[in-house]
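In what follows, chain A forms one complex with chain B and a second complex with chain C.
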Partner chain A sequence: MTAAGRSGAGSRRATLLVLPAVVPVVVVVGAALTSAVLLSLGLTPLVGRPELSLDAWRATELGTSIRLSLAIAAGATAVATVVGLCLALAVTAGARRSRLLATLSSLTIPVPHLVGAAAMGLLLADAGFLPRLLGIAPADWPALVGGRWWIAVGAEYAWKESAFIALVVAGALSSRVASYTETAALLGAGRWARFRHVTLPLAAPALAASAAVSFVYTLGSYEVAALLGRPAPEPLPVLAVRLFTSIDLAARPQAAAVAVTTSALGLVAVLVALRSLRRLAAEQ
Partner chain B sequence: MSGSLQLTGLTRVHTAGAAPALDDLTLAVPAGSCVAVLGPSGSGKSTVLRLTAGLDTPTRGSVHLDGRDLAGVVPERRGMAMVFQRPLLFPHLSVRDNVGFADRVRGLPRRQVRESAERYLELVQLGGFGHRPARALSGGQAQRVALARALAAEPRVLLLDEPFSALDTGLRQEMHELLADLRLRLAPTVLLVTHDPAEADALADTVAVLDAGRLQQLGPMRELYTRPRSLAVSRLLGGRTEVPGTVAGGRHRSALGDLELPAPAAEGRGVLVVRPEAVTLVAAADADARGTVVQVRRRGLRSLVTVEVAGAEPAAVDAELPPGQEAVVGAEVGLRIPLGARCVVPLADPREVASAHDGQR
Partner chain C sequence: MLVSRLGSRLGRGALAVWLVLPLVPLLLWAAADRWSAPALLPQAWGTTGLAEARAAGAGPAAVRSAVLGTAVALLATPLGALAGRALTSGALRAPGLVFGVLLSPLVLPPFAVALGLDVLLLRLRVPAEVGLVLLLTVAAIPYTTVVMRAAYAAHDRHHDEEARLLGASAWRVVRSVQLPLLAPAIAGAAFLAFLVGWSDYVVTLLVGGGRLVTLPLLVGAAASATGNDAQVAVLALSAVLPPVALLVVIGSIGRRARR
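Here is the complex of A and B:
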């Protein structure tokens, strides 16, 4: 068999192996997205005649919700990235105390977001555990839960996602960062220069990938924002669920429009992340 | 660029109660010289470099550079650079940026960094490779860049941790020649760690033999080859012949007969060690001892012959024959052991001598 023939057979086998994973994804996500797009455009109404219309897209407060969702996802991901990187560095530093800290922080990974949100509410609410511990009256406590700045929501996402980011980055760094930083130290690089010129570039691909996953997850996550956020304005997932479960069946196309928007934003974030990952991987 | 390094009583115990990885090593590396630390795996030789570089802290002892005690001085302020067994080029930087790394973290202007990097790349015969990504280099090229990067840091002492052991024979030879050339041009102070006696011989002025964390012998390689102080040193340097006997009145008595020694040796039991290159097969009349060829192994154009000499305590002597001379198994031959090649070392555990012979057969 020629090299071209072997390569063709290998490619066919690879395609067949991938199919069991790709088919369900394409069927489920494709079918769901198609039906949501059709519903949002008025082509598959629950009642009445199908008619192409952009009314569902105009009726909702999409702009405000997009800005709010992006802000929550970006803020929580930024904090999680910084904290996760610090934890990963602590793990790879190898000091016993650092390892203990990292082990404790990784215990947050199996805790569900819903439980985390409830715990964050009990901790940060104006009558919660923290103000009581500090002896601060509810009236004097800032509105961290349900307040203007969505602090409790961001804190919960950052707390959970930082452990995930730390795990991924520590895995990428652990096998090689020590030898590279020792080499850099012997070339005269101090602590900051080693971080800036060696550790950070080596961690960048894993950091970017895990941050992208965290961002997209936070963007589309419902329960934490619903539990700890304020009633209005609403982030995209909360808005979508409310419209979808509304007794007004005419709100269904609006819910579909919000869901399609959320998916599109997530897709754009993934494409941007893949592009930057390709660049970072090419540098490694 | 060259500094003088002094290690004094350097000791490292990794786990309390366990044998030290390095035990009371005292070693001087004069400015501009190359000293090799030679030892088998686990002998503590890499620990010497890590303690010298400040990557590990000694349990006892000190490291002085140009008379200054380096206790508590962090690696980046020691004025040393190290080349490891793996090149460890920073994968996110180009070849030029790798070589210019030390200058860059020193804050020198970018143009100056680039010019200096190109100069050092020329020195390791890789001029024009600067723009390439580090990952696009072959193993030998990557190790050259690692060497250039270390030299570009202008260290007071260059530490080499088995830098060429991962390269094939031809490349290793090239790197030896390159390093010899760099020593002529830049005269750096070099502390080299290796397990290969040929590498130590090719590169170092002085060799320190380390075994089980202890310094066994220090001196020029020729002296170590011809006058090993112990069986461990002799074996590490490829010595194969170990003939137990007794020393009395400057002579060694064994199955080989009563052989005169070139230098005084301690009276009593002692092992005669002889390099195989020094032993020749001769006619019976001119021989110091006679025996039977029991094994012949090919070494390129040469043959390594093992001759068994009968006696109350039979002895096996290895001889490396020059090209063209052949011997067959079972032949009766005479052995000539030149006076200058005879060396007696203290008898270790007799079982050790026996097992060493068994291992060589």
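Here is the complex of A and C:
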């Protein structure tokens, strides 16, 4: 770019081009967050006098929901990361790349999570397809749907997000991994050494970034836990939506408090991920 | 060698099963009239599920979802394209900050944004449909921006300069040079934006207040009831097949462009 390109006119033109996207994002995100914070502090009640209070923050069982949401997101993301990396390797690395696996995982991408949840219900319920396949009677099948360990919920997120992680990591690996591993093999590196010192470092930034996106998505997603989870305790999104849609208008500030908490957790997760990505980049 | 090849084959098989298995009961149930446990396959095949899904209003709901997806794609794709062009022009001040702002809807849970804005939309008397399209467009802008930014970064500006040298107007360069070269990326960005509108559940539920019934809302309602597995399967499949068909079409656009 020449010095003239950076001049006032070019800069003004670029700003004009980006504004139509920036303005709605800033207005919607800013207004939504401000409105949620004000509502949670009792400053914008639908009925009655505005009054600053922390009642909404004290009334809800935030602690339990935070722990539950973090546990579900961490567990599902851990499984999705391992499976997603294996998928990406099967699709890109090695002499026999799997076209079939590439097609199957890209077909999983447009499946909405809600549909995934419906499918997991039909697969994992006590009269579902998996117990039938394994020949286990409904009475002997553990409660995976609506059970204590949120297995069906975690399985759905892990299933969908593994395909997403595989797509991102395969994209990062496809262009470079073959030549590097060939060089390493020529230099006498064994299978494990090639994986440990060539493939994994090449995949790490994409893997970390896509895992962070999955974690934040899972943390804030409503429908899967609402369909496949148990009634109590509730993850943050389920708690917020129930409070918000309840007939009791007094519950709305509590719903807003839960929404603000979830947003803050997502933001912290992204900042942590960005820091570790920067450290990864510095190491390489 | 043989052991490792066998291991790799087993691993690939396991990965294929992982990807496909959840969709198998969906396909079987969609065509099952009766399928009681512990039978591995349906005892009676038929179209009960389809009839039930149509009775539940799957047709009009699918039209509503398609309109919503199209509206979001029509708005978010050009906005993302303009932003992607500005971000790669090198003339923008603080491009990192601008990109971060445009990606911020990815960080915030959709339910939190919808919940915060719902009160405001009610106060300002914005119709639910308009609010919904606005919210989902904002949710789709990160995807269209990322795709179009990557596409413009890979776009060879020499083509534009040559066309200008040959006397083409700025608008002609956009229409005859950039649009054809960027067509696969534009199609990809539009597909992702369509998907945001087509498959949204929680924002429609909160902002629409249950009055705006799209296909995902029908899937959610059917899946939370019991004993209607065939209907759930048909509704779920009808939410998946149109985007998959679109994906195939877009894939062929991409292949034709590369030829």
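Everything below uses one rule, namely that the second predicted complex is superposed on the first by the 259 of 284 C-alpha atoms of A that agree within 3 Å, B and C clash if a C-alpha of one lies under 4 Å from a C-alpha of the other, contacts with A are read in each partner's own complex, and residues count from 1 in each chain.
Note that in this section contacts are C-beta pairs under 8 Å (C-beta built on N, C-alpha and C of every residue); 3 or more make two chains touch, one makes a residue touch a chain.
Bear in mind the structure is a predicted one, so any value in this text is a computation, not a measurement.
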| item | value |
| --- | --- |
| Chain B versus chain C as contact partner of A:P112, first or second or both or neither | second |
| First (chain B), second (chain C), both or neither touched by A:A193 | first |
| First, second, both or neither for A:A90, with chain B first and chain C second | second |
| Greater residue coverage of chain A in the superposed arrangement, chain B or chain C | C |
| Partner chain in contact with A:A251 - chain B first, chain C second, else both or neither | neither |
| Partner chain in contact with A:A78 - chain B first, chain C second, else both or neither | neither |
| Chain B versus chain C as contact partner of A:E223, first or second or both or neither | second |
| Residue ranges of chain B in contact with chain A within the complex | 53, 55, 74-76, 78, 80-82, 84, 86, 88, 90-92, 101-102, 104-106, 133, 135, 149-150, 153, 159 |
| Partner chain C, residues of chain A touching it in the complex | 1, 5-6, 10-11, 13-15, 17-18, 20-22, 24-26, 28-29, 31-36, 39, 44, 46, 83, 86-87, 90, 94, 96, 98, 100-101, 104-123, 127-133, 135, 137-138, 156, 159, 162-163, 191, 213, 216, 219-223, 226-227, 237, 240-241, 244-245, 252, 255-256, 259-260, 262-263, 266-267, 270 |
| Touching residues on chain C, where the partner in the complex is chain A | 4, 8, 11-12, 15-16, 18-26, 28-29, 36-40, 78-80, 82-83, 85-87, 89-93, 98, 101-102, 104-120, 134-135, 137-138, 141, 145, 195, 198-199, 201-202, 205-206, 216, 219-220, 222-224, 229, 232-233, 235-236, 239-240, 243-244, 246-247 |
| Complex contact set, residues of chain A against chain B | 179-180, 182-190, 193, 197-198, 201-202, 204, 283-284 |
